[in-house]
Structures are given as structure tokens and as C-alpha cells.
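Next come the structures, one after another.
Below, chain A partners chain B and then partners chain C, in two separate complexes.
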Partner chain A sequence: MTDKAVPSGPTRRALYEARIRRRSALIATLSTALVLAAIIILVPMAPGWEAVKKSFFNGPVLAKTFPGLLNAFLMDVAIFAWCAPLIAVLALVIALCRDVRAPALFPLRLFGALYTDIFRGLPVVLVIYLIGFGVPGLGLPRPWNSPYIWGSLALILIYSAYVAEVIRSGIESIHQSQRAASASLGMSDADTMRFVILPQALRNVVPSNMNLFIALQKDVALLSFIGPVEIFRQAGVYKSLMANFTPYVGAAVIFLALTIPATRYADYLMARQRRRRG
Partner chain B sequence: MKPTALALSALAGLLPATALLAQDAASCAAGKTLEEGVLTVATGNPAYYPWVIDNAPESGQGYEAAVAYAIAAAMGFDGDHVTWTRTSFDEAIQPGPKDFDINMQQFSITPERQEMVDFSAPYYSSAMAVLTTQAVVDAGAEATLDSLKDLVWGAAAGTTAAPVLEQTIAPAKSPMLYGDNADVTAAMQANQIDAALFDLPTALYLAAVMLENGVVLGQFPAEQAEDPDQFGALMEKGSALKPCVDMAIAAIAEDGTLAGIEAEWLQDATGVPVVQ
Partner chain C sequence: MSFLSLRSVTKSFAENQVCKGIDLEVEKGQMVCLIGASGSGKSTLLRCINLLEPIDEGAILLEGTDIAEPGLDPRPVRERIGIVFQSYNLFPHMSAMENVMLAPRRVHRKTRAQLKAPVEALFARFGLAERMHHYPDQLSGGQQQRVAIIRALAMQPQIMLFDEITSALDPELVGEVLDVLRQLHAEGMTMILATHEMGFARELADKVCFLDAGRILEEGPPEQLFAAPQQERTRAFLSRIL
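Then we have the complex of A and B:
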């Protein structure tokens, strides 16, 4: 009776819940271990496992090629590093084009719509070929015909179309009443966009844009089609010299080392946003 | 000389009677092919001139198509008992059962590849050649190593040209690599690269047909290379057919068939200067 009046230590309910939690954790661990064990034991029992292992999970080949792959990966990182900010800027411009409301500026809206339609509809590889080989083929002098410049431009054009649509969805998610309220405070359209709409819109679309930038990390590899020797191409060279697919696995591991943390971070941002919105 | 080539000449020396060799090869293949009595030969998709003419190996036109039929004949398969299939390089090296008996698409024999697949004795030793354009030659490029070093280089990534480029020429700028021959010529046309390294027959074809103002500037003859580029037919690792194919190639090399096919389908390249 006294312990009811002075609640010290966990309640019976808390104890019960802790017990359930421990039990769930135990079951989850056991079932995971069981599945892993099944994979580890069963897969090697397949008749072709030895051949597959030699082709895809070949230790000596991996050891021999991994430093070269890592080195080539720096190229991917560099291309990503100069593409990402340019994509962000161009995408914002395109998104704003699609949001202009003055009748005289309708051509801008039209341009924005056409741009996103076209570049979201084209295969990335085609645009890379077309711009990476086509534009320099017009007779540009060096170094202005570099595949790095034009290949990057292709990536920027395509990805900014996607990012622009994401930003536009963010802009449209801000209720019309906020524009009305800003207008009633005497703010111009431009100021409304800059100080009221965009700060909220951009924050709302950070998680979606994170996804696109993770995708960009992988698509950077497509630049190898027009010459740059980045990790995917380097892996391909090793593959063909050694007739062994292990270098691709090595490249995948390197990619994952970057994309998994990035994906987790995007998830975290999304979860945080949900909590905020309640 | 490569061990394979040594073995080949030793074999030829031991058995001077070609007819005997051919006979052995003919009986050898029985029961060892995918389909009894039929030799399944794979080539690339598409297969290129001058290795296969018009992408139609069934016609026996083109160097590799003709060699395939000659090998088949030496192994006792007449023309009607040869079927063709197509594979990419990756399909040729993937683990697991193959859907071809032998695969011929200018596969260079390398020790690393031999870890994973089997190669026949070489049926062709290729010179490497420098493909470039008239504009680059006019700008002063010469067939000397010093001059070649300063060019911007390209090569097809899936070939042994990429490592050979690094070893023999060691260009000042790191080379660009492309998915296939067409992309290499596109990059050259776009003036993104000055020169590219190919096997000589391919370089001659690209210069003549694919590349505007294409020039084969020089060659590195196979006889002078420390580690010449030798083409072999690819087979599954541990293929029972390998000794038979080797015997067949020894036979057609011995009786002059191989040289005849080469004279018929591969252009005489003595006009291309040797790189100094």
C-alpha cells in the first residue's frame, strides 16, 4: 500500500515490456543467425559454387585490383563533387521558371516544362553519348572538347531535371495562404518566394533530394562510356584482362561503403521530418 | 617464344606427316562436343571485318570464320556440321556450362585469363598498330616512341591494348578507355584523343572504313614484341576438347592452310612502318 503511494523502481508493466523486448530481440537474433547459417551452408553446396567463387569472390584477384579500383574511385568522387552543386543551382532555376506567374513570362514556364519533360524522358547513356561525343565533334578546340566537361554537363542536365521537379513539389507543398499572407504584408512576389516559400520548400525536400544524389553517385560511372577511366571502367579492364568478375565485386563494395551511409542518413532525415510534422 | 608456340612446333616436328596429325585430330573430338557430331563455334555479336565478313560467319568468309571451318575440318567436322552461336566476352568467361565448344573473337591469350578459361594454341600472332588521323600526322606525329608518348591516347577497354599501351608507349597523359571500337573512333573524330592502339588488322580496317582521314601511323610487329598478342580459341576451363583443337591447329599450320587463309583475308601490312 505504501509502495503504491511512492512509485520507486520500474512498474510491473515496465518489467513486462522489458521482458517482451528481450524476448523479441532473442528471437530476432536467432532467426537471423538461422537464415545466415542456411545461406552460408547451403550456397556452397550448389554444384557450381567453386566456379562462381573463383569468378566472383577471388581473393588474390581482389587483392591485386583493389588499390587500382580505389584510385579510380577518386575520379568518381571528383566528378560527383563538381556536378552536385551545379545540379542544385540549375535545378532551382528550372523549378523557379516553372513557378513564374506573370503572364508575360509564360515562355519561361513553357521552357521549364519542356526541359523537365525532355531530360527526364531520355536515357542517361544516350544524353552522355550525344553531348559527350556530339558537341565536341562540332570542332571545339582542346581543352574545351574534354569528355569531362561535356560528360559532366550531360549528368547536370539530366539530374537537374529530376531535382527541379522535386523542388517544385516542395514549392507547391507550401499553402497558397502563405503567399496571400505575404502579399497582405506588402511583400513582392520575389521576396515572398525568397523569404517565405523557398526556405520551407527546400527544407521539406531535403530527403527526396538525398535519394537523387545517391543515385547520382552511381550514375557518375556512366561517364566511362565516353572515355574517363573511373572505377567501373577500371573494373571492366581488370575483368577482361583476368577473365574474372571479382573486380566488379570490389567496385560494388567501394560504392556501398559510400552509398549505404548516405542512404541511412537520408532515412534519418526523413524520420526526423516526420517527427517534426507530428 | 611462348610455351604454347614451343609445344606447337615440337608437336609439328615430332609428327612431320600432316595427314597423320589430321587423322588423330579427327578421331580425337568424338564424344567431346556439346552436340555429338557437331562443332559449335561462338563469335562476337556483331563480329567485325576482317575477322568475319558481313557479320555472317556461316559463309566462312573472313579470317576467323575461315579458320574455324579449317579447324573443324581438321577435327573431322565438315561444313554442315559446324553451327554458330554468339557470345559477348563476359558470357564467354562466366562460370558454369558454356553453350559453345570453341569461341573465336580475337581473344588474346594471357596467363591471367588462362587461370579462368582454356585457350587453344594460337592461330594468329597480331602486331599492334597505332591508329590516328591525317590531322595528327600533319601536326608532326611520327612513328617513334618519343613522338607517340606526347599524344593523347585511347583504346578499347576490353582488349589487351590498354595494358600494352601503358607498357610499350607509356603516354604522358593517362589514356582514355572506351567500350568498343566505334566509341574509340567517335572520340578520335571529336578530337578528344589523338591516337589509339589496336591489333593491326582492326586498325587497318578502321582507318580505311570507319575513320575519316584515318591513318595507321606505325606498327609494333609481333615478332619483335616481348609478349606478342596471340589469338587463341577460348574453351571452358578443363575442356576435354582442347588437345583436339590444338592438334587441329597444328595440322592446319603445318600444311599451310592457316597461312593461305591469312593471305586471303588479312591485308598485307608490310607497308605500315615499324615504330622505332
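Then we have the complex of A and C:
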């Protein structure tokens, strides 16, 4: 009624695009089916398949160990849960250290730079060993010799360095004109950072930090090297008990159940941010 | 003694001297317009007056005190000198109201309750009462620029600087922003504008300065400068844009 030019049915262009879409979907389905069929038919034809199936994909073993693995995974979640907030706080402090301009605070700046350089430059396992075995070696009384404390500290130190760099890149991504606008109103540097720069910067780096926290969730398993019985360690125990590798596959499945949705969510956040920036 | 007076101000960026000895007198309540081609130094001069850029040589006297003295804390000065930018520079994560209240809250230590009435009055005065709680990306360019003006005014400055504030606006939005300037001028605000709105400068300015390559080549009341420019370059510039 308002616009005569709009026809009632789909346009010529819409019809064409629908045809192309149907054809693409068909080709994708066919090629995927072909690859899957090849895997399903060819892999079992390998000479060692029966043995692999028995020791890696053993149904009864999985059923027996899965509850125990799930229970041990709660330890991973707990370690993650107390590390993550401490990492966020420490990373923010380090990032702010690297941004201070006052000459009297230069040591802070130097500290920030050294900190990020050192902890980004070391393998995670190495730091966990050094701190996890080194500090309790001082002969501290219980509970201060717990590998949970020092292993967690190692994770916190390393991940703070990465998160701090991400936050700093977020701070630097805020256009200079925002600082100028704030300064022109007579605001102090500290207030400008707190009320104008940081709120925008932190929002911008949420997706990148999501990825780091997913990596942290996986690296929690490295603490098993210094003692804590979390899922990886528990799977190892089951493996020895039953002379079967299926518990490791079970552990992998449990990790994936958490990390795949989290990764997808981070990707979604990234894509949304790109769209917003247009 | 003028209210604001610039004495042979120079400013360089690396090798590039942008202000080459600028003298300017601004009386209380005056509207002074800076005109000239892009790159002639208008914006830089305004940013120097607000101390966003430190000057190399010269002096900037505000009521007789040199505010450009190296080492002086710029913050008390900036409270007295408001500036509005071409690209608005509103804080995108805050509503219009929060944008306006932030500096009075932090710098003047006022509470939201104390600020509510005067800030609402400012929004109403400039026709934005309906839009106070919108975020910058929900406002048109003209509305954003008016919020930026209100934000600067909320600090109760003694002088306002406007850096080509209508240059990024669609033509039909320019009028609403110029109306705000008209209103401020009528209320006796001292203002310096870098502008390309020649019609507006001609109508309202008390003094127009033509900047060319970092110098004020010619200055005078608008009727004189627009009708009978003395310098060849002024004539050439005006004939290009009028």
C-alpha cells in the first residue's frame, strides 16, 4: 500500500541466491559424508585397530572410571576458580604500573616491564616446578608447604603477565582524544584513567581475555606434576590400576565439554565486537 | 589589560613550526573568530590556550597571570577554560548526563544530588531535556556536540574555546549548534572560535583573525575584514570560500 515498487514474492536475486545456497549445502554434505565414511571404513582396517580400541576406547573401563574423573575435575575447577580473580586483579595492577608517567614511580614501570617479560618468557611447567618444589623446600610449616598454594601462585604469576599485556593493549587502543577531552575538563590523570580510559579498555579486551582464561583452565592440569590429584593425575592413577589408557580419553572428553563451549562463546564475543566497530 | 592575552606564542611539532609568534587580545564577553585554511594553526592555538599542548616560547596571560609558565599545574587553569572539539569526544560508555556530571563530581567534589538541578537546567536550556539519559551513540551529531558544550559549561569556565565544532556535522544540524553559540554570546560568555562558518563569524564576531601559516596575518571587526581585507592572502582566502 505504501510502496508499489516492492513485489509480493521473492525477487529474482533472492531466487538465484537460494539456488546457490542449496547447491553449496548439497556439495558440503556430500564431501563431509565421503570423508566420514573413509575414516569409519579405513581406520578399523588398520592392523592394530583392535588393540587400540581395547586400550583407548574401552567402554567398561570408561564407565567405571568416569565418575572418579568427574570428581577429580572438580579440583581443576576449584583451582581455576580461585586463580582467575587473583589473576584479574594482579594483571590490572601490572598493566597500570606500566602506564605510570611520574618519574618518581619509574621503578614501578620498570617492575611492570620486567615482570611481563620474565613470566611471558618462561614455560608454564618450568615455573610450576620452580615455585611448586622450590618454595616448600624452605621448610615452611603446614599448611604453607601445600603444593596447591604454590602451584596456584605459579599459574597466577604467569597468567597475570599475559592478561596484563592484553589490558595494556586495551588501554592503548583508546583514542588520545578521550584523554584530551578528560584533561580539558580539569580531570587528574588518575581520574581520567579510572573513569574514562579503563571502563572502555576493559570492555574492549573481554574477548581476548576469555581466550586466556580458557588456556588457564587447561593449564591447571599441569599442577599434577607437583602433587595435586586433579583430573590428569587421577586419570594416570586409573591407567596404572587398569593397565588401560581409556581414562585419558575420558579426561579429554571432560575438558572439551567445558572448553569448546567457552571457546565458541569467546569467538562469538570477538565477532560481535568486530561487527560493532564496523 | 585584556582578559586573555597571547604574547608572541610559538609552537612546533618536531621540525614543523605551527604557531610562529602569535599575539592576540581577547576582552571579557568578546567573541573572537579565528579563520584560515586547514593547517594554518587555528586548532593548535586553541589547544595551546587550554594547555593541552605546551607552548615553546611566549606567554598566555589570563587576567594578567601567565598560565603557560612551564611547570605550572595545568589543571586549575583548565577548569577556567572550557574547550569543545570538532569530533565531540564524548565518553561513549556514559549517558549524556553522566558525561556532564563526571568532571564536576571529581574535580569540584560535588554529589550527583547537588548537580542534578543545575545540570538538568543546562540540558533544558539547550533543548536536550528529553535526551539527558541517552548514550552518545543514540544521539545525532548536533545533539552530541551540544552535550559536549554542556559538559564544558558545567565546569563554569570563564572562557570557552570552540575548535571547528560544526565541521563534522551535516549541514542541517549546523544551525542547532550555532544557536547555542548565539545564546552563549548573548549571555556574555567570552569565546574563541576556530571556524569555517563565515556567515556566522560575520554576524556575531567582535573580532575576526585571519591565520595563515602560523601567523595572524590580519585582524579586525568582521565588517572591515570581510568587506575590505588589507592583505592579498586574506582576499584570496575569502574569495575562495565566500
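Observations on the model:
Operating definition for what follows: the second predicted complex is superposed on the first by the 272 of 278 C-alpha atoms of A that agree within 3 Å, B and C clash if a C-alpha of one lies under 4 Å from a C-alpha of the other, contacts with A are read in each partner's own complex, and residues count from 1 in each chain.
Assume a residue touches a chain if its C-beta (ideal position, glycine included) is under 8 Å from a C-beta of that chain, and two chains touch if they have at least 3 such contacts.
All of these numbers come straight from a predicted model, not from anything done at the bench.
Of the two partner chains placed by superposition, only chain B is touched by A:A243; chain C is not.
Once the two complexes are laid over each other on the shared chain, residue contacts for A:F133 go to chain B alone; chain C is not touched.
In the superposition on chain A, A:R233 makes contact with chain B only, while chain C stays out of contact range. In the superposition on chain A, contact is made by A:A180 with chain C only, not with chain B.
Residue contacts after overlaying the shared chain place A:S8 against neither chain B nor chain C. By the touch criterion defined above, A:P147 lies against chain B but remains apart from chain C after alignment on the C-alpha atoms of chain A.
Of the two partner chains, chain B is the only one touched by A:F225; chain C is not. Looking at the shared chain after the overlay, A:S55 reaches chain B, while chain C stays out of its contact range. In the superposed model, B is the one of chain B and chain C that contacts more residues of chain A. Put simply, chain A uses no single residue to touch chain B in one complex and chain C in the other.
Note for the complex: chain A touches chain C at residues 177-178, 180-188, 191, 195-196, 199-200, 203. Partner chain B is touched in their complex by these residues of chain A: 48, 51-52, 54-56, 133-134, 136-137, 139-142, 145-147, 224-229, 233, 236-237, 239-245. Those residues of chain C that touch chain A in the complex are listed here as 47, 50, 52, 74-76, 78-79, 82-83, 85, 87, 89-93, 102-103, 106-107, 151-152, 155. Within the complex formed with chain A, the residues of chain B that make contact are 89-90, 93-96, 110, 112-113, 115-117, 154, 157-160, 162-163, 174-179, 183, 186-187, 189-193, 237.
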